[in-house]
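The structure under discussion appears below in the form of structure tokens.
Chain naming follows the written order as A, B, C and D, and within any one chain the residues start at number 1.
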């Protein structure tokens, strides 16, 4: 009954001022199963402020970096590059949820510390994934944004904990989640105290096999209509092939996405995971230029 | 080798003389099941010339109009609008493949004649659907571009006839067709003599129910890599709701589409079919402006 | 207006007595888009009588034979086998809708004549596919049951003609058709005069790649609830691998299917199409025994 | 490195004797990404013994009970019924992963204790779901079989813990998981020490909306070919409507499933969750009879 009171620990930007649970409950409409994340409840766009970076405002926010943290050298090269080309947030997995138990499972706490070091040296913010209560505590301590991956989108016990972790969260859509289920997953986080939620469309599972997933580009305008939360897209996991990442990134921004998350690697051919879908630095630089032009065409900047 | 970039007036059957079938068959690679439509066979982009309009060149070609031809008045108002805002091709269904036998099935030959009259008066080219041999003969006589709808994408006997119809064809992707099956459907048309094929992505069937179909935006760069044929997108049938058509149209052009096909209606609330996904004239005008800006951002024009 | 009066030529078993079109129209409920094929309209099961064979009664009807008619010898061997093991209906494609224009397209009229000869010699009824108006006329002349394949389930012009062809029809579900769309396709046939419709579930397209299609076994009880028409299943096209055909056939009958259609070949390794999913004669004989046991367990016979 | 040595705590029936990890690794084939759960590694069927009950042997094992533990009275009535009709395993959720944060989340530890009491009084074994490390510890203490639900099938940190929990596990297939991903999830559990795994097909997500999910009946023979583990089916979550549960249960057993898990409720209309898909006691009794007949037809017993 009292489960979804907004907790004090959370300071969710512009949204934080929204009222008590009773109000929230009153708002629930017959048609929409979610309330705190619904646009009915908060008609204006939410802007999620993370240090100097604002998700959901005029700027399109680019996040980029390797699938996994593999070594100190790889990471520092990448962070230096991100700083140079103006990418404000670096991604990099320390805890890796892998389909096979025999695949590289991540550098875990060591990886997190390297990410923090990269932030220190190159001024990039850090987004990285948490996969259970323990890793969540560590990620919340060392990183700026907690990522919840597609496979954990309906790991409700983890979502409840994320509601109380005190950090903004990047919530990826499950690979077969409906938009309603995705917004309800966000509602779990919100109901447990955290409204600093950035939604991430990363492709859904369909019968088509040419691409790794099917980027559901329509999710951008649909979610924008239903919810006040910012939405970013992940064209790398959608495409599965680096050649298609650039056009999909342009499309995402043209559709109204508030940001992008792109896999890059200093040497994709040697990546321990997701090499085929990772851009090298030269292609990432091209992406920044081209996406910048599209952003300006739709009245935004990079 | 260059023989089947068929410019200006279409002379179907040129393909048969283009290195006879035996040669064509010899070209088939182990990996790609299609050949005439494959980029391996024709490395440059094909440009399909229809009167003054060129699909696959620098210009993004917009096609627009009602789902169905409903009346002379509706059609002339629409054609006049299209001329005024610079839409070069008008759509409008005369033969309507409807899910229910009790739904409006189209004005058929009468509709075709009205479309031809609209072309005469307002200088717009006409694209309209054929659903069997008989309607194909009529469409080829009265219209500029023959449309093959999603439900007939694997109506192979019809595809064979389209190969010999002497008109450019707009081939929609089946609602559960893989990209390979779609290109093989194009290959049917090509193998029977017609390489003036414009591919149209119109959304695929997935589990998501918010949208009518899921626009597979990735199909644009994937098809561009596999084939030399132009690709357009149909955001209206994908979205199913007019509010999402504009962002999807921008996304399509940003992804590299060579054109758009958009449903408009002078009064969507009174449309006999597809009203909810049809733009009114004001929104269509807005679309032309916004899409124009995105087109320029990717080095093209409208 | 007069389009869906039941024609005299048709003698749809128990259904034929149902009244005039006006009644039919009155029956349409807000919730169900179909009427003639709906159980609301005809509460009892329809039994479709084809010569000595009754679909929808106590007997489970097995149809079997090669994917395609390939030669006189292959066909006579098969028909002789079917007679011997008690399979009352033989399948065999004369007109083949193939994904690639370069695949074997069938023996067409010659194939039909061989099928008719096999019927003459071995007393098996013939079911074979029609793909357009011309082949429909031939199939209606030479065969006992007209098959409409998955790819033509929404070829509405063909469905209208099937409504007037004077033969019972086996209507396969489209590979991404909803149950409602499938029943509406049947409604097209019914509304144009033919209620002798046998529905066939043959697997739908999903993301799973181990099987060729996903047999939607639930469709059997769902359709039985919504419609009075008999339903059979095609485990061969669903599975795509002969090893899985037998368990799926047992499952279909246990779920309540009124029949099965199974691909067999005297020598699957040499089949011109669908070899991997074809049973050889020994496995088909095993199937008849095992399916017979399951049929009896659910109160039916083979 | 040593992570996937088989632990002593585990007593995996016939499988337990299989050797060291090095052997396991040697067995990995290029084509199959899993090894411990693969039939290549263990050609005979595994039989998972849970008290007096053996999964994977001649008997088809039925598990049944309410979606959620709601009250002591509901549970004791159900357990008494299960004992009376010969259902050896009772299900009942104490920890409920619910799509909405505002839905009933389960009685948690109190629910577990009631389940244990029911076992004590009526001699039924208990299967119930764990959703994180904490609930897993409790479930492993109070229940006989740990269930991992569809939404947690790729919660890899939980799977690792299940590998060390010392209890047999019922692993449900994720709602969009491929068969390979499902077997790899099982491999996680096996590699962390637990080979007592019962796989459960519960329907996959497709575009069809009549049913809640599409029961992938083919998964039974496919998994049986690829793996030595027993497979059961859950027709209740697949169908979403109780009327279709019985035919799907018969189909599952006919296809070769080693067991069934069925939702029942003393009064489905008042169930706190999944009422529409729950059988009442009378229908469950009918199911036992009908499924028994099909089991005997395929050479098994209930």
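Observations, loosely collected:
Going forward, a residue touches a chain if its C-beta (ideal position, glycine included) is under 8 Å from a C-beta of that chain, and two chains touch if they have at least 3 such contacts.
Because the structure is predicted, anything quoted here is derived from the model rather than measured.
The most distant chain from subunit D, with centres taken as the mean of CA atoms, is B. Across the two interfaces under comparison, B-C and C-D, the one joined by more C-beta contacts turns out to be C-D.
Inter-chain centre distance (subunit B to subunit C, centres taken as mean C-alpha positions): 34 Å. Between the CA-based centres of subunit C and subunit D the separation comes to 36 Å, rounded to the whole angstrom. Shown for subunit D are the residues in touch with two or more other chains, namely 176, 205-207, 209. On the side of subunit B, the complex with subunit A involves touching residues 176, 178-180, 204, 206-211, 214-218, 220-222, 225, 238-239, 243-244, 247-248, 250-256, 290, 293-294, 296-298. Listing the residues of subunit A that touch subunit D in their complex gives 3-4, 28, 33-34, 97-102, 131-133, 135, 151-152, 154-158, 160, 174-176, 181, 184, 187-188, 191-192, 205. Subunit C contributes residues 205-207, 209 to its touches with subunit A in the complex.
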